[in-house]
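One structure is given below, represented as structure tokens, and several questions about it will come after.
Every chain is named by a letter (A, B, C, D, E and F) in the order it is written, and numbering of its residues begins at 1.
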């Protein structure tokens, strides 16, 4: 027992496959996803700062790095299940929190327990850093689903994930970094060579033009 | 929409990996697990019948084949989560049932909906067939964890699964088929060779020294 | 030695990859295939029964579950080899039977040997259950090849398998369950989104319209 | 061209396997490694700060996140090659730097180029944050090699990596966080169970003999 | 149709997994096996030549390169099946030959057909080159099974393959190259470290206690 | 130490993945690549010989078999790195040679060291055999990239590899075997069914029609 258990658990994040139970051309794991979300958040923070918004970098990096750590305890529960009932979701989040707290109290030296309780809390709050995390998490999901669509995964699920991710990102378009993403990066992404991109253009435009 | 969605969903069961988020030497999926549980249940039923207990074979096969189908909707939720609170578990099972029912009503022709609602119900009841399913499910889990232990997976989890599975099987030792399993099959399993280097030397030398 | 060897052999079925020696986007194994064939047979049996034909469910499930078990002994021999000469095929089937019998006599207690000899016999006979098995086996093969075609596997083999499977299924179109499959499920399958389905429609129609 | 190329390149880090050309029980990629190094650096920084040493958290996170990004351009070159000649190593590092700079100037908007040039520079300098990175990088390598040794990888290379990593970590034992690692975490790691067959017998018997 | 089909078929050899239907820590394919057998044959030929035996190098390389090519047509048939009856084996070899001949006559320009018929014939004849091929094929099989045993594959099959391969090699011990293999290379192979935990402790302590 | 190390190293070639760090539908390793290059070289040599050019078959096979062996020591270094500076490339090749020499002197008996030094030398010289190797190596690379393009890998890199390989092959079109390849085999390859082949036709024609 001890911090070794925590270090070892990082390896389990590397074995936790995202979007289980569906054929995918390329699989992704939670450790690599967390890395990519943190790197994307870094870029978004850089854009915000350049436009005069103050960034608490330590907070931003910690939110992004740790945002999926509690999946160690709960596994990857399908989204429709979580949201099937508000009551189930609330209970589920309580259980996740209890398990995280218990892990910290069992494995960490007392002097670091409070620090890790703070770090492993839900990070998607209303601060600028919390909003950047919400966006960065969806941008990586958008890239994951785009990768499958581009390789022509016939499963409609990946279109739905693409659509849902983009719609969520757009809800944050009061942020200058989101405007940068939608105006520049998304455009580059959609100009990637692949054959039937008409449909993807259409769905993208229809989301962006929604009132 | 229709029965094609149901046939196609069988493929998703083949992509659903058991015990996610842990290093395993050999991965297993829910489709192959369901097959193996049904074959094990067949043997247990054969033993019961030989000793004069009547088996409803149709019921036994249907319970075994379908026992994990609802994981299509919920994914593989870690056991500790499910049992973290009785309330969560109850809610979770309600959600699972609702999603199964909704799937059947959306995809199946009306004339077969009741049949499939019955088939996809929880099968581990107190009938002889229900008890055989409970045992067969744990025997396959015992084999999965034994396979990891035999290959020397250092993760203690597989010891815990082995222990928990065997303890559950033992709770059914009033059944003649369980007595057969514990008395014969388990003994054979434990006599499997765990290979040391000495044996390799010996066999090598005995071949080389043959006249 | 003993039933443990039989239980353990189920794991080998999970390692036996179907259609070896060809690039495939998604691999399938014999254990998962057997599960899917049994589930498909269950649906076909349900349709037959609904239309007044009596089903021996125990027989149907046992035929479907066990139909590929002897591949444990022989591996996956390429179809063209088996059918290259009638004499080879006959000899091959004799060897398969001999090996199956020998396995049963070595590993099973005497009181269950006859039962397992019956279960592991070729199940595709002229009974309704035997015909359902023949159809269900080809439906799963059709789905496997459809999955590759839909993901645009450039290997012509998968078109040939699709064509051969569908032609075999059509030979059973005196069965009400086959009529249901061809009339409803196949139509849904072909309406799946994917780009160059024209060719697949054509080949499908040309098979179905053959005299 | 543009930041999309940078976001997309993160996916390539996920396809870049560490320690190529050797049999490994578990493969690791550069994206997941970068995540784990950053999390380990976070813990080491926490220990340092607790003992009164000031940490520049932004710098620490950025050094750790980005420390292997240039492998995108150069691939994973075997260590013995790099160090075969001082001259080759110097040239190699110059080329790596040139390629990184060129990438930034091609893909990033001018206003962010200097920021990314700073971020993608070699981070293992003599600052406390640079030293923590050096240690964290080796701790993850130690865990990778330990994972192989514990699973009994017969390749001596993993012993050599274990040995070399630990020796490097020990060179930093003037740091309180390294003392914490060597004194506590390493001890826990080495007490991990390497499972023998005897234990399996014992646990089995103790379950079976419970009243 | 044409030589492109032949070039493309080489890729199928790369997808043909050896020893299918068994859990293996490391899988091998027929293309890589053919490469390794040719390289091993090269060494054995070098030893023979050094001891004054004349080698027809062109013949040796061609025999080794092509010895498993006909598996393209037949797949990997389990050895016990082939040898279950002499009659089956004879018929099987006839079919294999017929299919190879038909392929050559369909795909190759007439001027090269005879050359390829000669090249794809069974190469394990009584010439020195044919005997070297027999030995090299078994040495690679010995290494494959040794690799599994060394990683502690609990499946007895790999012991049987090891034993059978070594026994076959020994039957050729009138050859100087086989004497070299048995006297030198096999000894080195058996002195490979099978790693115990004690050694890890020792190395760890010796590093930590260095002055 | 000894020839066993050399035999064992062949297994490492099987673990060395070509073109690391990029998503590929099908991965290839250096051992299987070496086999395919040797088989392709065999065909090219056959064509040359048929047209009256003398082939040193032993030399041809040895050049092809061994041409990538030194990657054991250096790994797969990305091409742009090697060619980033002439100086780096020269140094790199010196290091590769030094490491190969050192390996031979450590592992091989003195009487075979010179033979292996000659075999493991760079084989792409100006002899007919050296030129055939240069072409065969690029033909396999062309097939690898064609396989990805045909499966619609969206990564532009595979188009670039296709283009670069074909351009190199064309530089050898003074050879009758290259004329055979370009005139017959390439045409068959491009007539393979797959959807957007227009672009591939165009790029192919534009290369072949360059002055």
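FYI, contacts are C-beta pairs under 8 Å (C-beta built on N, C-alpha and C of every residue); 3 or more make two chains touch, one makes a residue touch a chain.
Remember, predicted model here, so these are calculated numbers, not experimental data.
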Both chain D and chain E are touched by which chains? B, F
Farthest CA centroid from chain A: chain E
Quick one: which of A-D, C-F or A-B reuses the A-F interface, over half of the residue-numbered contact pairs in common? C-F
Quick check on chain A against chain C: do more than half of the interface residue numbers occur in both copies, making it same, or fewer, making it different? different
Taking each chain's centre as the mean of its CA atoms, how far is chain B from chain C in angstrom? 23
With chain centres defined as C-alpha means, what is the inter-centre distance between chain C and chain E in Å? 33
Need the CA-centroid distance for the pair chain B / chain F, whole Å please. 48
Flagged in chain B as touching 2+ other chains are 11, 13, 23, 25-26, 147, 152, 186, 194
Quick one: label the inter-chain contact graph as line, ring, star, complete or other. other
Would you mind giving me the full set of chain pairs in touch? A-B, A-C, A-D, A-F, B-C, B-D, B-E, C-E, C-F, D-E, D-F, E-F
In the complex formed with chain B, which residues of chain E make contact? 23, 25, 149, 152-154, 156, 159, 162-163, 166-167, 170, 182, 186, 190, 194
Chain C residues touching chain F - in the complex, by the definition given at the top: 23, 25, 152-154, 156, 195-196
Once bound in the complex, which stretches of chain C touch chain B? 1-8, 10-11, 13-14, 26, 28-29, 31-32, 34-36, 38-40, 42-43, 46-47, 50, 57-58, 61-62, 65, 111-112, 115, 119, 139, 143, 147, 184-186, 188-189
Residues of chain C touching chain E in the complex: 11-13, 15-17, 20-23, 71-78, 80-81, 84-85, 87-88, 91-92, 94-96, 98-99
State the interface residues of chain B toward chain E in the complex, per the touch definition above. 25-26, 147, 150-152, 192-195, 197, 199-201, 203-204, 207-208, 210
